[in-house]
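Quick heads-up: structures coming right below.
Here subunit A shows up in two complexes: once beside subunit B, once beside subunit C.
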Partner chain A sequence: MTAKLPPPAPANPLAVPRAPLLPPTTRSRAALGLASAAAERRFALQVCAACAAVQYPPREVCLACLGHHLPWRDVPREGRVLATTTIRISADPYFRTRTPWRIGTVRLACGPVVVAHLHGDVAPGASVRMTLRLDKSGQGVMLAMPAEDSANMQDDPQLREMTCDPRGRRVLVTDGRSAAGQAIAAALQAAGAREVFLGVAEPWRPLPGRDRLAGSAVDLDCTDEDSVRRCAASLGGRVEILVNTALHVRPGGISAGTSMATARAEMECAYFGPLRLARHFGPALRARAADGTHPACAWVGLASVYGLAANPAFGGFSAAQAAALSLLQSLRAELRPIRVLRVLTGPVDDEWHQANPPPKVSPAALAAAVVGALRDGLEQVAVGDVAQDFLARFRDNPDTLARELAG
Partner chain B sequence: MIRHGYEGVVLAAPVTIPYQRHSIHGAAWWIGRALAEALRAAGLRPADIDGFCCSSFSLGADTAVGLTQHFGLSPRWLDHIPMGGACGVVALRRAARAVQAGDADIVACVAGDTSTPDSFRQQLQSFSRFATDATWPYGGGGPNASFALLTDAYMRAYGATREDFGRICVAQRQNALAFPHALMKRPLDLAHYLAARPVADPIALFDCVMPCAGAEAFLVMREETARALSLPAAHLRGAIERHHAFPDDPIQLRGGWAMDRDELYAMAATTPAGIDLLQTYDDYPVIVMMQFEDLGFCAKGEAPAFVRAHDLTAAGSFPHNSSGGQLSVGQAGAAGGYLGLVEAIRQLTGQAIGAVVPGARTALVSGFGMINYDRGLCSAAAILAAP
Partner chain C sequence: MTSLAAFAADLAAGRIRVVDLTQTLSPDFPTIVLPPQFGQCAPFRMEQISRYDADGPGWYWNNITVGEHTGTHFDAPVHWVTGKDLPNNTTDTLPAQNLVAPACVIDCSAEAADNGDYLLTVPVLEAWEAAHGRIPAGAWILFRTDWSKRSGAAYANMRDDGAHTPGPDPHAVRWMVGRGALGFGVETIGTDAGQAHLMDPMYPAHSMMHGAGRYGLQCLCNLDQLPPTGAIVIAPPLKIQGGSGSPLRVLALVPA
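Showing the complex of A and B:
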């Protein structure tokens, strides 16, 4: 049974921090499908369109019929352990600093044999639930979990290399002025975060909800370079998860309905704000990504699905959100082993979406999604029915979606 | 159709270039040295060979093609065999048909690799596409971890113990003490074997081969060619190969030999009882046990009892890996696929340079190679006879 992880011990100032190494990163193009599934908590493998044979390792051509159309499909997770080993000497620098490391051979009920990381509670010969996870290099890997939940199972050291559980970690939520920011801060505190810092811009202004803020308010205005720099100088070495919740939503199009000032403010919030955060917090976060028992682990960015395909009724906002998504994609590559989680939302239930029909996303739903995605180490979560529907349409055909949105 | 036999095909000029843990030279240096030494042993000049076959993991972008220019060869028959531990027997099979058919008169078969302090890790991370995608990212254990899983499964299936595997390693070390080229020359007993540093459970240090630099070579020709050159030569009696055998086995407890061994013995007109010397591919001892079983020396699952009942040293009741095998000599990359074959030629032609297997007239050499993903894909075996 997994031992409960004790709270973080005080850092030893004399100890050399563990370097933020990456596990092996190179993959074939076909194998990247594992990461796409893992990013969203799915368990998907290639399934031959011609003969339905399930494939693993990822292939170009079917092992049973040589068919070349191998779409990724969700498949059953059940499996049984055929063999196990504990690697005590590794040739790879990342694993060398994490041995002993357990792996096993698992036969999946849907056919393939998988060499997988093993959760510590998986016994030889046991039935398992196979999961796809993102490892510290951001690649999709197999992790066999016990068939039944066990106590403290989230604390398994190998599982923790692939997750970003907020428990015991210090979190900065950038926008304490938004309902979403306040809800996310409260949820992270409830999830056992060691400390929650809530950024509040222009603190002299009235702050609705100030009396019931979860965590401690810190002076942070992402539109102000100097404010971000000062906040990073004070908190940069003490934050393990950064959650950027800033969303600046105004209705209005491109040629009319939006002032240049509004367009600039949207861009400040969606692009230049996170850019400042990345430049001032990113390097320190990354440098501490393997340090101690509760290393820095995640960067969370809240963004609208309109960044995927523009909604002309929110044309300026959509353009700014496209910039936000583009920034997150580059940041994901730069910050590894820090996980960059993008939280896609549809219209939030606030004063700026009065004209949108329900369902709209509540701050509490956003908060629950962020905590759940961190616990499972995801890279993407679409919150609410609108965002999920939007994402499904986008994946089906982005061009068709753009035409649907044009009305 | 009945397969043609290998009548008239012989192997001569067995060569081992002494291994080194690390080398500042490239693979071509090692391969070139082995080729030169084989030619010297046979009294030939480079222009006298018209066939060349090469195996190596560390030639970079080169294959046997590039080596023809590098070595100044103009062969009319050329092959490159990227089959790791099976490359020796497979090279022999290809070369034998070439000389039988007259496509070539003398084929030089060479395997060699270099080794630098980081070359083994670099080779592992790009060993195969499936390894890059689906095993190397799982702990970076390389073949130690892959064979640990196979060993664990074998132990669970057949009740083998660490002591059983240890008997194989200890006997081979005994053989290696007399072999001048062995890198591991310290005597090993079962207590030391069992107390060794664990590497990937249940595998410990003495189950693993040491990567090193080195090369091996031999010449394949027709019997009359060898006679004209006054070369002591061993006859090829039979040979098999099989790739990706038993794909439906969920985990590897047997190799391709089990599919083809009847044909092997029938070609050679012998049985397991007629084998005086066995050279198995010994990276790792669990694979040795599988070869004992799948080549018919004992029934499936009985190898643990077999090793308890036999003395596996060169002068013992079941002479096995008489030079010490890769476990004691070292694994010079692809040359590991030649080591047993070259040693068998030496033993059968009275040219042993270490422990002598008394009265060895018939030898069986088997190869096993290429853990592409979860199992070894190539298996091969040949039966050789003394002149």
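Showing the complex of A and C:
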């Protein structure tokens, strides 16, 4: 049984914090597919298109028939532990500071025998649920979980190296003026966050929902360099999760329908705002990414699927969202071991999407998705039917999707 | 001795005092808020170019962005549609001679202290004239409410139905235009009352003042340091080509 993790104890201010080291990073191109699946909570392996043999580890040609078309497919999660061992001494700088560390061999129901990290409640010979997880370097690794839920299982130290559970952590949600920001703050508080800070720009303006805010309001205007600097000076050293929820949605195209002022505001919100946040909060978050029992762990960015492929009816907004996605991609590489979670949404159920028919994404659905994705340590979640369908079409063929959107 | 030489001597001797009527231009100062479907005035923003660092080892400077109507600012006649076809109606063409002018200060601070909907009316203006004499043509009329002593939410005073800040009623504006006022200056975010969209005409200070080629000054402070008459106001906007207004430093010269 996993010991329940107590709330964070006050840190010794004179102790040197544990450095934000990364586990081994190098992978073959084929093996990156593990991370792609892990990023979205899928359990996928290469399956030979010719003979259906499931491959592990990832490779270029089929180990059974030498076929070279090995698409990634979701495969059954069942497995049985063959043998376990506990690593007590490691030459790797990351693992040296995290031993003892349990690993084992697991026979997957779909065929291969894999080397996997083991949850503490997994016994030799046990049936397990296999998961693909992102480790601190963002690589996909196998983690065998108990077949049935066990008490406090989220608190397993090896699992916690791969997840971003908000319980016990302090969170900054950047846009307390939006319904999404307020809902996400409430959900994080309900999930046991130790403290939730909600950024509020222009405090002299009325704030709808001020009387029922979850967490405490702080001055933060991401369009203002000085405001971000002051907020980071106050909170940069004491938040473990940053959730940027700011979306500035206005209908309107590229050649007409969007004023320059609106286009600039969209870009301020989607790109320059997160850029300021990254410059002022990023280094402090990263520096505390291995510090204590509840280290800094995640950066969450909310973005529209229109950033993947532009919807001409929201042309200016789409362009700004493309910039937002590009920023998150670079930030993900820079901030490791901080996990950068991208939350893709379709039209949100707000006043700027009155002309869009349902289904639309509710603030509560966004909030539930953020909490779930943090708990499982994901890097990407598409919230709602529209975003999931959009993402599937994008993956099928981005060019076809662009043509569909152009109408 | 010419009068300018006497003026210089008075300044040097402190017999004339310079009062700064300007709010500090900062990102935190409230900016006018229009309904979200309209274009918005940019708040003040400052981003560093260098500060004795790799981007400029020996010097410190910033880039700033600001709307024409941000902070303490000047409204030119072209700002309103009623003034769009007047001659010399933009910040670069309005006559420099008008940028230094006497000021009449109407003190309504007691009445407006607890009343965001306080309106300046003709009887108030007439009572002021009875006490201080006729307002001369070409003078600024400055509306003292002491709202500049408020800050943040109390200053903007926004509610679900919009801002509640003092301003003139349409009759008062017509009366001031008739007196030949150079312009109308206030301590609040707009020369019009917060609820002036409900008046007829809408936004009378903007509509009638600018329609008559007169100016506006907004977000002034320190009006409590000015005498009812006898102050000279120096209020030159930036010489922006085709500009509808600009942030500016407003100074008043007053007898010490």
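The rule is simple: the second predicted complex is superposed on the first by the 407 of 407 C-alpha atoms of A that agree within 3 Å, B and C clash if a C-alpha of one lies under 4 Å from a C-alpha of the other, contacts with A are read in each partner's own complex, and residues count from 1 in each chain.
Criterion: a residue touches a chain if its C-beta (ideal position, glycine included) is under 8 Å from a C-beta of that chain, and two chains touch if they have at least 3 such contacts.
Being a predicted model, the structure only gives us computed values, none of them experimental.
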| item | value |
| --- | --- |
| First, second, both or neither for A:Ser227, with subunit B first and subunit C second | second |
| Which superposed partner A:Glu195 touches (first subunit B, second subunit C, both, neither) | neither |
| First (subunit B), second (subunit C), both or neither touched by A:Trp204 | second |
| Partner contacting more residues of subunit A (subunit B vs subunit C) | B |
| Which of subunit B and subunit C A:Ala261 touches, first, second, both or neither | second |
| Touching partner for A:Glu78 - first (subunit B), second (subunit C), both, neither | neither |
| For the subunit C and subunit A complex, residues of the former touching the latter | 27-28, 30, 33, 39-40, 42-43, 45-48, 151-153, 155-156, 158-160 |
| For the subunit A and subunit C complex, residues of the former touching the latter | 202-206, 221, 223-227, 259, 261-262, 265 |
| Residues on subunit B engaged by subunit A in the complex (per definition of touch) | 120-121, 124-126, 129-130, 132-142, 144-146, 148-150, 152-153, 156, 197-203, 250-251, 373-374 |
| Interfacial residue positions of subunit A with respect to subunit B in the complex | 23-24, 26-28, 30-31, 56-58, 82-92, 94-96, 99, 101, 103-105, 107, 113-117, 124-125, 135, 137, 139, 141-142 |
